[in-house]
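Structures incoming, each one as structure tokens.
Across the two complexes that follow, chain A remains constant while its partner is chain B and subsequently chain C.
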Partner chain A sequence: MLNKDGRRVNGSMIKNGLSRMNERGNGQGAGYAAYGIYPEFAEDYALHVFLDNMKEAKFSVEKEIERWGYIVHAEEIPVDDRKVEVSHIPYRYFFKPDPEKLLGRKIDEKDAILKMVMDINASRSGALVFSSGKNMGIFKASAWPEEVGNFYMVNKYKGYLWLGHNRYPTNTPGWWGGAHPFGLLDWSVVHNGEITSYGTNMRYVESFGYSCTMLTDTEVVTYLFDLLVRKHRLSTEMAGHALAPRFWDDIDRMAPNERDVHTALRLAYASASMNGPFAIVVGNTGGFVALTDRIKLRPLVMGYRGKTAFVSSEEAAIRAMEPNLDRVYHPPAGTPVVERLEGRA
Partner chain B sequence: MNERTIDVKNLDYRELNRTIREAVAGGVRSITLNNVLGQRFIADGITAKDLSITVNGVPGGDLGAFMDGPSIRVNGNADHAPGNTMTSGTIIIDGDAGDCVGHSMRGGTIMVRGNVGYRVGIHMKQYREQYPKIVIGGYARSFLGEYMAGGIILILGLDATEAIVQDYVGTGIHGGTIYIAGELEDHQLGVAAVRKDFTEDDLQVVTGLITQFNAQFGTDVDPAAITFTKIQPMSARPFSGLYTTER
Partner chain C sequence: MSVANYIPNKYDVVVDPSRCRMCGRCEENCSYGVFRKEQDRIVTFPSNCVVCHRCISFCPADAITIRERTATYRHHPHWDEESREDIYNQANTGRVILGGMGNARSYPPIFDRLLLDACQITNPSIDPLREPMETRVYLGKKPATVEITGSGRDVELKTSLSPNLKLETPIMVAHMSYGAVSLAAQKSFAMAAQRLGTYMGTGEGGTHPDLLAYKDNIIVQVASGRFGVSPDYLANSAAIEIKAGQGAKPGIGGHLPGEKVDAEVSRTRMIPVGSDAISPAPHHDIYSIEDLAQLVRALKEATDWKKPVFVKIAAVHNAAAIAAGIARADADGVVIDGFKGGTGAAPKVLRDHVGIPIEAAIASVDAKLRNQGIRNEVSIIASGGFRNSADLTKAIALGADAVYIGTAALIALGCRVCGKCYMGMCPWGIATQTPRLVSRLDPIEGAQKVANLITAWTHELQELMGAAGINSIESLRGNRDRLRGYLLDENILEVLDVKTVGA
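Up next, the complex of A and B:
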């Protein structure tokens, strides 16, 4: 859900919506992403990290972080651990990159964060960075959505954009790192389905310096968005079309300009396009985009009320959050729906 | 008398269905469910022919699946696959519905006042007197009547804000008929689907369904004012040569 006017609400609302869809999960993974929750550290990167221990793992992650800048503030993420079996220690750092350290390496600030996160996650040092944006954060674990929400006390955070997910792991392990949302920089991704083109997509993003370490397919979607939108500067809509390309038959029937664009996208991004059933929602500081696979093998429904846009697998979950909707809409297959904060292009 | 109203707010679907079954076993023949929100599998497998159920709210998926006899009316939107594999009875939805409406339906009638999603009527089939019928008031998305083996689908396209049907209409169809209130382009037809002449007999069938639709929703759709397109399979075995060399 996105409050387009930037109004911040706590996480209890989305927790209630998610719990309407417990049939879609099995208690092996759930999580939340929230934007606007750290106004006191708005200019710092908020690194959420799963630590295996408070000694070697913490030491090695801090050593890596301090290669790139300095830690403004560090603390354990407050949790209420009465109901959740804790397999990692959720920790957070508010971090500022040091321009001088970046200068020496001739690297853009966000690329530096990307490299730092990938290095930590690929080094098997007992630390996993699962959230690395500014003024946003991901909270996830292996449990039911209500349990994860209560564990992290999401009712104590206020955000203008919330994503939530209830996982039913099928092909890959149910573990804390594999719970959704997945995140990198300001991106967060939740997904229903499976990316059968994962191998191709993974090799494609890894050739650009990303490394897939979460043992499941959805992770790669996060890196595809970062690559296509942040680095290649495609619009969010165009990135959506690249990942769920139009059929050639449809492209043949388009007007010439449009045909050229979609032909170019298919040719340039053949290895980025995603196969298999999916409904995804991708969050960023400016809003969210929702997208299904082009033959609609997973459900997706939008709801609107005043300045709030909702998206979900089921209308009932939206109505659990907001019973009185102005409009309910099922987006067509393979068509990105972008909802933006007011004033954002 | 023989009626029951149940507030199902926050009730799990298992408990909800147990309550329905107990009420039916106790002779109740009219059930109203209030505050329905996302409960799946409502009234699945119920066989009481004279039972009517009113659903106020937004039910979850597979409403009335495997049902044999009852009438359900939904005052709200339905989710995916209402009437999944139902044998007989009616489901009336005064709203929109999601994907796969009437999935593998074997008999009975589904009517939706508004729009529906993808793969409506997928795998529906007929056998002797078992003859399923789906009537959609608004538009239907792609893969309408996919692998359809029998029965009737009628799309009226009332107040449609987009194309009445999209692409891949009747892909893999090998039985049954799809009627569309309007035209469609050749490329919208799926593999194995062809246009057939719309005859007087077809008009009678369609008029009967529209009369029921008007009665259910208080509309005044006039079949005589509509040019219908009729779609049927090109043959009963469109893929006979696909895996075996019969020729």
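Up next, the complex of A and C:
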């Protein structure tokens, strides 16, 4: 859900909505992403890390972080561990990259963060960075959605954009890192489905320097958005079209200007386009984009009330959050729906 | 020939007198002189037989039987029959042994050790009869990224695209030159390609005027002999292919015997009637990669930069690095021809012992181009012995954009893979220029057969894609996660970047 006027609400609302869909999970993974929750550290990168221990793992993360900049603030993420079996220590760092340390390496600041996160996660040092954006954070664990929400006390955070996810793990076991949302920089991704083009997509993003360490398709989706939107500067809408391309039959019938655009997207991004059943919501500082596969093998429904936009797998979840909706809308297959904060392009 | 080096007949050709009606069609149809009609019986000369099945196909009484005939040699595990017979042959002649068609040794096809995937439960398979199943492919340079302004319907593309070929199916008909094959065979391919929205290659023999009607579906070839190359030849095409090598005979050129060069072939190839057409082993203007870049650009310049230019190489040990060089030489596609690729004639020793399997070549070329970030610069077209839709589906999953089929297209026309193309006596009217034999191949019927084959394989490709939950071919391409190796060793699995079954 997104409050387009930037109004911040706590996480209890989305927790209630998400809990309506427990049929869709099995208690082995759930999580939340929230934007606007750290106004006091708004200019710092908020790194959420699962630590296996408070000694070597913590030490190795901090050593790596300090290669790129300095830690502004560090603390354990407050939890209420009465209901959840704790297998990692959720920890957070607020971090500022040091321009001088970046300068020597001729690397863009965000690319530096990306590399740092990838290095930590690939090193298998007992630490996993699962959230790395500014003024946003991901909270996830292996449990039912309300248990995870209570564990992290999401009702104590206030955000203008909330994403939630309830997982039924198939390809990878239900472990904390495998729960959604998946995050990188300001991106957070929740995903229902299984991407049959994973091998093609994975090799494509890896040729641009991303390393797929989690072996989940959600990770690949995140990297694809980062590549297409942040690096290639496509609009979110066009990135959506690149990832779930229009059918050639439709493209052939378009007006010439549109046809050129969609043909070029398919040619350039053939290996980025995703196949198989999926419904995805990708969050970013400026809003979210929701997208299904081209034949909508996974459900997706939008709801609107005033300045608030909701998206969900089920209308029931939206109605639990907001019983009085102005409008309910089922987006057509493979058509990106972009909702933005007011004043954001 | 000395009696000491006599090689026993390979076949028995038997006409059953109780069935034979003495109609004489066997004699009429056999171009190799196996049958002679005498007063009350058909006499056979089995030593001439190449097992082309023409007689069997045309005998109205089903009276002819051809059997393999084995004159047992003393068994020896090292000195097998073939080794001994080749030596007898060469002791008699002092010559290089020629062979037609592809590699005839029993190297195991890697394709047969690769298994495809299908969806079960966690994701649905897709029914190609009910849902769109896209097999359209574009061949040529693709932009790494695109610049677009506006949104929704009010959008505009700012990036200019390089010329690309649009294929409605990833299957094209390989280059087989007029001269090596008949005009009727080429017409069959051209008509089929036009009907299906795909392409056929002219080979290096020029384009006969009768094919100009199909020029938009023709890829013309520029080979080391430069036969038939003229500004018109280049202009009347959809794309141009520089042939640097061929899978059936890597490292050597070509040789069309003068006997096959009649007036029409002479005109099309621009060589005198009856003269041998010999293509040199290398292009004598390409001695290094920068020379290739010059030729690519020269051909583009000659065609106003409107046509994609492909470069064909044989799959050799270092194919991946060579392909990367080709990608950097401004080419729009690299054609890799595997060691099982066919030919009209090749020295047997090269055909059977030089080059590498197409499966490994596709995998290593695709990986190399991706690692260097230039995969979008060139398309990969694979060829060399694709026998069925499973082979080509696996080739695409390993990283090919499209495939050429040569031998399979010939078989669709009736070819029995007898391997005697270089004799010019093809009784099916395919690999011959003898008018009496060529007239046996009706291009309209031939086109239908080739089109049927490509259509059937495309349907099967769609079924395989649908089973794997994939509805556009770009999501199959390079998707090696949907392949598993069965009884392949660790080294080859690593090259293919494919996991073993069960993993």
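Worth pointing out:
Operating definition for what follows: the second predicted complex is superposed on the first by the 344 of 345 C-alpha atoms of A that agree within 3 Å, B and C clash if a C-alpha of one lies under 4 Å from a C-alpha of the other, contacts with A are read in each partner's own complex, and residues count from 1 in each chain.
One rule holds for everything that comes next: a residue touches a chain if its C-beta (ideal position, glycine included) is under 8 Å from a C-beta of that chain, and two chains touch if they have at least 3 such contacts.
Computed from a predicted structure; not experimentally measured.
Considering which of chain B and chain C touches more of chain A, the answer is C. Applying the stated contact rule after C-alpha superposition, one finds that A:315 touches chain B and leaves chain C untouched. Look at A:328: by the touch rule set out above, it reaches chain B but stays clear of chain C. Shared-chain residue A:20: touches chain B; no touch with chain C. Of the two partner chains placed around the shared chain by superposition, chain B is the only one that A:299 touches, whereas chain C remains out of contact. Contact with neither chain B nor chain C is seen for A:58 once the two complexes are overlaid on the shared chain. When the two complexes are overlaid on their common chain A, residue A:249 makes contact with chain B and with chain C alike. By the touch criterion stated above, A:180 is placed in contact with neither chain B nor chain C. The interface of chain A with chain B overlaps its interface with chain C at residues 249, 295. Residues of chain C that touch chain A in their complex: 119, 122-124, 126, 131-132, 134, 136, 138, 142-148, 151-157, 159, 161, 164, 370-371, 373, 375-376, 468-472, 474-482. Here chain B touches chain A in the complex through residues 13, 37-38, 40, 58-61, 77, 79-80, 96, 98-99, 115, 117-119, 141-143, 162, 166-167, 187, going by the rule given at the top. Across the complex, chain B is touched by residues 20-21, 23, 249-250, 253, 295-296, 299, 301, 314-317, 319-320, 328, 330, 332-333 of chain A. Interface residues of chain A facing chain C in the complex, by the touch rule stated above, are 170-171, 193-194, 196-200, 202-204, 206-208, 232-235, 237-238, 245, 247-249, 255, 257-258, 260-261, 263-268, 270-271, 273-277, 294-295, 297.
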